[in-house]
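Labels for the chains are A, B and C, by order of writing; each one numbers its residues from 1.
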Amino acid sequence: MGRGTCEGKTPISPMPSIRITVPTPSHQALVPVTDKIAQAVGLLGIEEGAVHLFVLHTTCGLLINENADPDVARDILRRLEEMVPWRDPKDRHGEGNTAAHVRSSLVGSSLTIPVQGGSLVLGTWQGVFLAEFDGPRTRQVVVTAV
Amino acid sequence: MGRGTCEGKTPISPMPSIRITVPTPSHQALVPVTDKIAQAVGLLGIEEGAVHLFVLHTTCGLLINENADPDVARDILRRLEEMVPWRDPKDRHGEGNTAAHVRSSLVGSSLTIPVQGGSLVLGTWQGVFLAEFDGPRTRQVVVTAV
Amino acid sequence: MGRGTCEGKTPISPMPSIRITVPTPSHQALVPVTDKIAQAVGLLGIEEGAVHLFVLHTTCGLLINENADPDVARDILRRLEEMVPWRDPKDRHGEGNTAAHVRSSLVGSSLTIPVQGGSLVLGTWQGVFLAEFDGPRTRQVVVTAV
């Protein structure tokens, strides 16, 4: 939390949450957002505790995975395509993007990440990604101190 | 958080969490619970921060997806059935509901949703659902201010 | 939260988070960690609120599922193997463990669990597991009061 102690050492943040905008480049993409989230943690004044991320959409998600070899991101998207094929003649949803809705619920719409000393706590190989499943679009992420 | 500031403007909530009951109508269902969660946020007195939802069961889950076209919920359940078929002769669990346990861990047992001005922060098309994978049953959700 | 009330009844925790180490026994395993997490909740002095768990790795995850019949854990791992096979000739990631990365993002890298009266709030059949998808290894989990 790092907010609202009685001694006033950690002043109450003027903003409990902020929104960041993430343009996505293609129909499917894992867009790296670690730097944007780290910046938001600074703006929110979070020192110790955790930060919560939440996408305001139902055809994308948020996930943490390897940020070193970009082939990992490509493999993840291709494996999801194999598990949840884009076309399925049994789908009833008129927009034709049922697969994106399913993938969104499989990877999840939100993440919570620890913060220590004002910085995100991530393992050596971990990066934060917005997982676009029906782009390109402009996505919004709500970042909240928890 | 909205709890425990020094000036006393936001009094410490008498309840840090409450439980809500969700009856599910059939073997598989995405049961809309957005209204119940919004009501719980009011009862808990959360103004700014986030709310955490947690099901006390291992054969259902919680997810956020489209609340406009009910075909999306139907498609999601049918796609999960294709990915994780109910019957698999290799399953060893004696109760025969392994698929429900697997689907529970894929969609997840909990959610955290931002709160601003006492209201859930959700995108235009987002609704909160309890995902029943082995009903009908009466499910319990723990709602906690975080 | 249980931290930082004005009356001083609940003193500010000296540690906002701690790390626990989880050795995993085999290539795939659901390792029970409920007792370790409960102990960490005590060390952190969390009384009411929630605890957040976060693995610092991209080839394992955290999940909640049945802790009674060990066949459930075995079935879950085997079903994940069927959904996300270890070998896929289309994978490009050179380390050959793409499947572990995918399974990690499907089950998720983190969990948040309610705490009441200093104890984890879990349903009768729920246990917390570290899901190892590319072991054996020694894994680290960050445990944070939220």
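Just so we're on the same page, contacts are C-beta pairs under 8 Å (C-beta built on N, C-alpha and C of every residue); 3 or more make two chains touch, one makes a residue touch a chain.
Only a predicted model underlies this, so the values are computations on that prediction, with no experimental measurement involved.
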Touching both chain B and chain C, which chains are there? A
Mapping chain A onto chain C via their CA atoms needs a rotation, nearest 5 degrees, of 120
Rounded Å distance between chain A and chain B, as computed from the means of their C-alpha atoms: 19
Could you tell me which residues belong to chain B and also touch two or more other chains? 1, 4, 6, 83, 106, 108, 112, 146
Under the stated contact criterion, what part of chain B meets chain C in this complex? 1, 3-4, 6, 12, 16-17, 52, 54-58, 83-84, 88, 90-95, 98-99, 101-102, 104-106, 108-110, 112, 140, 142, 144-146
Mind listing the chain A positions that touch chain C in their complex? 1-2, 4-6, 48-50, 63-66, 69, 71-72, 74-76, 78-80, 82-83, 106-108, 111-114, 116, 121-126, 146
